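Pasting in a structure now, in structure tokens, and then I'll have a few things to ask.
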Amino acid sequence: MTHVLIKGGTIVTPDTMLEADLLIEGEKIKAIGRDLAAPDGAEVVDARGLMVLPGVIDAHTHIKLDTGIYQTPDDWFTETRAAVYGGVTSVVDFATQYEGQGFEEAFADRMDEAASSVIDYAFHMMVTDLPPGQEERLGELIDLGIQSFKLYTTYRPNYYADDATLLRLMEAAARYGLVALVHCENDALVTAQTEALVKAGQTTWRYHGMARPALAEQEAAARVLFLADVVNAPVVIVHNSSAYTALLVAEAREKGQIAFNETAPQYLILDNTRYEGSEPWRYILQPPLRDPDEAEMLWSLLSAGMIDMLITDHCDYTKEQKLEHNDFTQTPGGLPGMETLLPLTVTYGVLAGQLSWPDVARLLAANPAQIYNLWPRKGALLPGSDADVVLYDPAGERRITAEDLHTIAGYTPYEGMLVKGRVVASLRRGEFLMREGEFVGEKGSGVYLRREPRFWD
Amino acid sequence: MTHVLIKGGTIVTPDTMLEADLLIEGEKIKAIGRDLAAPDGAEVVDARGLMVLPGVIDAHTHIKLDTGIYQTPDDWFTETRAAVYGGVTSVVDFATQYEGQGFEEAFADRMDEAASSVIDYAFHMMVTDLPPGQEERLGELIDLGIQSFKLYTTYRPNYYADDATLLRLMEAAARYGLVALVHCENDALVTAQTEALVKAGQTTWRYHGMARPALAEQEAAARVLFLADVVNAPVVIVHNSSAYTALLVAEAREKGQIAFNETAPQYLILDNTRYEGSEPWRYILQPPLRDPDEAEMLWSLLSAGMIDMLITDHCDYTKEQKLEHNDFTQTPGGLPGMETLLPLTVTYGVLAGQLSWPDVARLLAANPAQIYNLWPRKGALLPGSDADVVLYDPAGERRITAEDLHTIAGYTPYEGMLVKGRVVASLRRGEFLMREGEFVGEKGSGVYLRREPRFWD
Amino acid sequence: MTHVLIKGGTIVTPDTMLEADLLIEGEKIKAIGRDLAAPDGAEVVDARGLMVLPGVIDAHTHIKLDTGIYQTPDDWFTETRAAVYGGVTSVVDFATQYEGQGFEEAFADRMDEAASSVIDYAFHMMVTDLPPGQEERLGELIDLGIQSFKLYTTYRPNYYADDATLLRLMEAAARYGLVALVHCENDALVTAQTEALVKAGQTTWRYHGMARPALAEQEAAARVLFLADVVNAPVVIVHNSSAYTALLVAEAREKGQIAFNETAPQYLILDNTRYEGSEPWRYILQPPLRDPDEAEMLWSLLSAGMIDMLITDHCDYTKEQKLEHNDFTQTPGGLPGMETLLPLTVTYGVLAGQLSWPDVARLLAANPAQIYNLWPRKGALLPGSDADVVLYDPAGERRITAEDLHTIAGYTPYEGMLVKGRVVASLRRGEFLMREGEFVGEKGSGVYLRREPRFWD
Amino acid sequence: MTHVLIKGGTIVTPDTMLEADLLIEGEKIKAIGRDLAAPDGAEVVDARGLMVLPGVIDAHTHIKLDTGIYQTPDDWFTETRAAVYGGVTSVVDFATQYEGQGFEEAFADRMDEAASSVIDYAFHMMVTDLPPGQEERLGELIDLGIQSFKLYTTYRPNYYADDATLLRLMEAAARYGLVALVHCENDALVTAQTEALVKAGQTTWRYHGMARPALAEQEAAARVLFLADVVNAPVVIVHNSSAYTALLVAEAREKGQIAFNETAPQYLILDNTRYEGSEPWRYILQPPLRDPDEAEMLWSLLSAGMIDMLITDHCDYTKEQKLEHNDFTQTPGGLPGMETLLPLTVTYGVLAGQLSWPDVARLLAANPAQIYNLWPRKGALLPGSDADVVLYDPAGERRITAEDLHTIAGYTPYEGMLVKGRVVASLRRGEFLMREGEFVGEKGSGVYLRREPRFWD
């Protein structure tokens, strides 16, 4: 069996930082220890000065997305290869149940697409067609190894779930040991606001932020939390762009509800003053960027431990697609982000004094692994866990430019921003996927991660 | 000028009870005092042993209702005559803006109907058609002397207002000094539940209560309070059938929101065990009767001063209309109640130790008058106020029977229930409308009550 | 029987303002009404342009105080005569049980002193010596017509009650239908702070404010509220100088505790920057003046209805006594205030937009009357109530100067401050005590006000 | 260097349970891993079926106690030897500053006594004599390697600190990076209650529980938390016997205060019905045992993660001392407990479903280590940490009897109670102190644990 010994680094866990060596045997972590001896034939990695982090789990991505209207022209190889450059070694992406489809078919289709993945993957099922009385079909997800599904409070007619549907499906989630992710934006408020802008002829990119007010997110989140509480269902309120939304979730959890929140670098590091700048097209996404105040408050909540996960909502539309119409109603929404997730978190979080290194391990690995029932296989640097490891060198700094990135987008929303340090190497199940800037992984070497139901206390 | 001197009674105000005489001159109260001398020619009423209450204001009634599907076959004379037997001397009923109609037209139509009223009347405007950009038309209400309007979160397609409409119109309410009444039931939850029952063939009356769960009311109330708070709009959450709804409103008010709640005798005195009894048809209304626990908790909130108004939601469908189809989806919803409002409140409230007499003056007169800006003209036993007075004799008891009542319904939901005491006389603007069980009012003698906008601190 | 008819004024009640006449017959209010006719021989008072208020009840005064160390050289005639100039027609002062004394003796002594009073009076009993096991002696207070007693958390050794004593006596208060007033300052904190200043040689008047930090008040109030809650005892936290103290009481009441708070004009209108001024001797009192922020927040709480009573804590030490030693440890603490209470409340409250006129009737009359069980005999302008009436002319303004006041102090803490309007006349039980600046009352015409126990719901 | 390899056990950390081996090299943990190879000469311990826990830190003990009145006739060897049988490998005990003494002297005396300890030890300083102005002497504690000190709200005159002293010293604690432990019982309430019992002749042991009501603890805790918050001082409210006390602390922490709580097995497993039994002498301690309800609620809080540490408050008075006077005022208070701490926690916590194994590692090791700044040297099973390890076999059960225990007390409060499983071995810094029931440690081999100040975020 192959061995890799990572020597002299600082191992980061959700609770502590440890000067220790990490020994990998085959696909698994074998030991953590002081001055571990290298087994015969082991590759010894000198990690002095480096942070040894659990591989990042990006728990909210949209690789090779087909919304029905728009398609990202990427594939699972291009995107996971880019991810590896950013230290991401697992994703929880989505399988979409299109109208009239069974879950098995939706799953099989997505499995085909993901076959080229370099990193490991799981899926949330987007449930779009499950009429009253058929809730028990959620049980099929368990057979498919799926423990989470997603609902939308907006996007009529395809994705929209009304309150009765939300309640029905969340009730079933609780029963089956599944967790429901909910995209929260009040459909009526978003529609009305968008129509008002359209009517006023204000549809260029710079108006994008106005079309989807923070209130729409806050209201929907409050409502979903209320309904989830009624049926005692575990719920994730996804991509919180407003601090008030995140606070609602945190308060619900403090009162004992099983509720989690996510935010993303774009909501922390960017803000809606970008829409007034020269390149508003770079920032078309839903929910949109918010007031600078919101970003500041999100940082406060993040520092206070009141946000559970950092994710990217990665969508790799190209610059050409984005620039096609200067009209937010016709521009596909979503930003690439996997490759920059970890460096931005380290730079604007840890090195700016907002987060600790253990926070990074918690937000990007341990928490998503636990919430989505991948733990301790994933998300932990513990003997017996998969040897998904990132070596991060906090020294040095560089500016982000699209040319240096590996997505197909041809742009990045973070163009020109400074990041500190870099990912030196990414290992997935004991195998180097990237080292010193060179991709060394094998296309299709990622595996599907089956998950069991989880019943929360 | 005519004079009436009510001697020796106990005058009830929202704050106190007072052994004092009440002197009326013309339409107004002239004085409250001890041992007042009778002016020449004054009619002197011996009120010893009687409670002297402000005339009841029923602030939520549906006289001569036309829902578009059903019509109550009553008229303003029959109903207000019945009301007078119950001590009701003013109503705030509704004028309905039908689709495509202007407020002026809706108002004029309703004024014609109300011309036969025996008691004084004001209207809430049911706003059903006010597209985006036309919010300033709410200003027309002010010209019509209207300070309140009503919105529905359910009843598609005619009455339903989506969240964007609620937000728009409540925002305008705040701006114009109007108060918004909102019927709160989550449309999706009610629709889904009803469809499930229809699908299961469970549409007889006994299933009525299941079609509209308390959760639907609670959720909608929480949402409306949230939206009202965002735009700082005064709001009345009408006919709370669930104690949790009432509590949400009370908590909002404690935090400084201008929010009020109502409940009705049917939600306090009846409960959903009636649907399992032999005559479920008597209890078809929206929202439906609730669990006995809810009624008990509503009493607790009422006793604790956390509910603002008692109203009837009076609808005088006849027994024949009710019995036509043993199908809750085809039975018109709504119960008669004005005539029994005060005796039930006294019996199950005051004489059962749940309320004080001043609470009655507050819940049935002072509060509705203040919230709907009729005060101090109405709702107060103060010099200068309209002499709307009820004399109530708390002695004796009788059973309610439809035969003894004066509505056209031919039934009452309270059939056979005991009430203590009785209304001895009702005066409106100094004029006896009923005395000792005999109606002595004049058809059409009621007047329209113009109201000014109110801007709350 | 004599009659007084006050015509054309604005009658102020805790709930409303009313253009109406007020008719007095003998000692009682006979009627309130529009255009009341004058009985034969009645004195008719033209009150056009005047506010007709209930006579002020100052529920916390120290007339002819003997602390054991200091004595105010006043008497009940001089002080109540001055009070009448300010519209005060009743006081609740204190009878002190000195060590070893019975309540009856303490009461009899105080009754002798009060015999010269011009206005009506009741007493709180200062309980200083009631050892464990003798709590039932509080029952004697009921025989004396006393419904309230006072405890101190500081002033060792004479007045200090430790926590066990507080708990014992508040428990008994609950049992006997009495209410406990508690002077809240943490003894250890005050003592330590004072000793530190003494040690540092910082005892001149300018250091007075530092000796008794707001924290000492806040802590003691929190503790007393906690203990009162445990034994379910009604409690008044007296003379709140810190807004946080007042807030603690208001929050306790919102949670259902029977707890009340007072503040005084000195804490609202003055602040501790006065200690740095040229005449710090004018402001020696316990608790001391606080930061300007505190005064501002107290106004906010007062405006929000979160403070129950305005009182003076009147102590008429003379200027000579005050100036004897420039040493706060040797200067008697306490300020004169009855004569300025109403004008200051009107000027800095009503006319500055912080309070309404009904608030004045509530804070200075109705609330103290209700809390100390004098209502509706006192504190109300209702038929049957004692005809204690103040006529206030809001027009005009003047500066307060000691020369214009009628206390014996020879100074006022409000020297030179502007007040708007003036007391035109004061009536007590139907009798003019002052009119147009001339005292017309009779020495000794005040009567003792017996009070019954009150058991709160 | 010596090696010990613990193979095949279940390693318990505060976050997880791990099937892994633990390798010790010298005094330190070298590695945690799967199937670790044994170094040459290593002792290999077969831990299959055993739980591998961090050595227990009992952070509140009174070995060789001298209260000034009573002395425990034990010594540091006897007690730490007994502790080792229970898996305790470190204690934080107390050094007492007697009146007039300097900290250095107090420390030196205690160091002499502790020289015979078998396990490692740190001290909280009991601060009893630090007059105003000398707060900076707390800085001397830092030189002594002491990061915590203790104050009492009761026990006049020696230990009692009044509120001013508490405030002064906690303020200094915050400044110096120290944490204050406070024994919370309201002195006045305890004194009054005790005096009442004495007066009533009710001083036999069965009355012990009545002398110190839960209210006394609750009030003092509320007060101390309030004062600590004012000066932003980290504080531990020690030995919570009442659930409400523990809740107050937990709520303070949720609001951001740096406040911690402890409870002890006696308050969880025993209750005040014992005082009515045949051997009340076994349960004389301060605070006393409480109502069974309290114990139940403490378990709920413990399960919910709202209690931070489990400690023993170990005092090894002998049965003879306890039985000398059937009078709680003359019986020394305090119970032995170190030896039973872990088995009771496992039995009544883990195996009864109230706690998880990770909770045990948290409550008995990680939390005390972190709060008292011993972490990660102590309290963690991490490479580089001291190899303090307990092997626990959860199988089997036995009854506790004094004969089987190793203290000098000659009795145990848990006599006859069932415990499940047993401590198989205890290692301290890599050295076996006990294995298979045989003590193999060396007298005096324990070392003093210096601690640094800690400044909390």
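Letters A, B, C and D mark the chains as written, and numbering starts fresh at 1 in each.
Here is the rule we use: a contact is a pair of C-beta atoms (placed from the backbone, for glycine too) under 8 Å apart; a residue touches a chain by one contact, two chains touch by 3 or more.
If you're wondering where the values come from, they're calculated on a predicted model, not measured in any experiment.
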Touching both chain B and chain C we find none
Validating interface symmetry: for the copies chain A and chain B, is the fraction of residue numbers used by both over half? Same or different. same
If you average the Cα atoms of chain A and of chain B to get two centres, how far apart are those centres in Å? 52
Please report how many Å separate the Cα centroid of chain A from that of chain C, as a whole number. 64
When the centre of a chain is set as the mean of its C-alpha atoms, what distance in Å lies between chain A and chain D? 43
Multi-partner residues in chain C (2 or more other chains touched) are none
By the document's touch rule, what are all the touching chain pairs in this structure? A-B, A-D, B-C, C-D
In the complex of these two chains, what residues of chain D are touching chain A? 14-16, 18-21, 23, 25, 28-36, 254, 376, 380, 382-384
Tell me, which parts of chain B touch chain A in their complex? 132-133, 162-165, 167-168, 186, 188-189, 191-193, 195-196, 199, 215, 219, 222-223, 226-227, 230
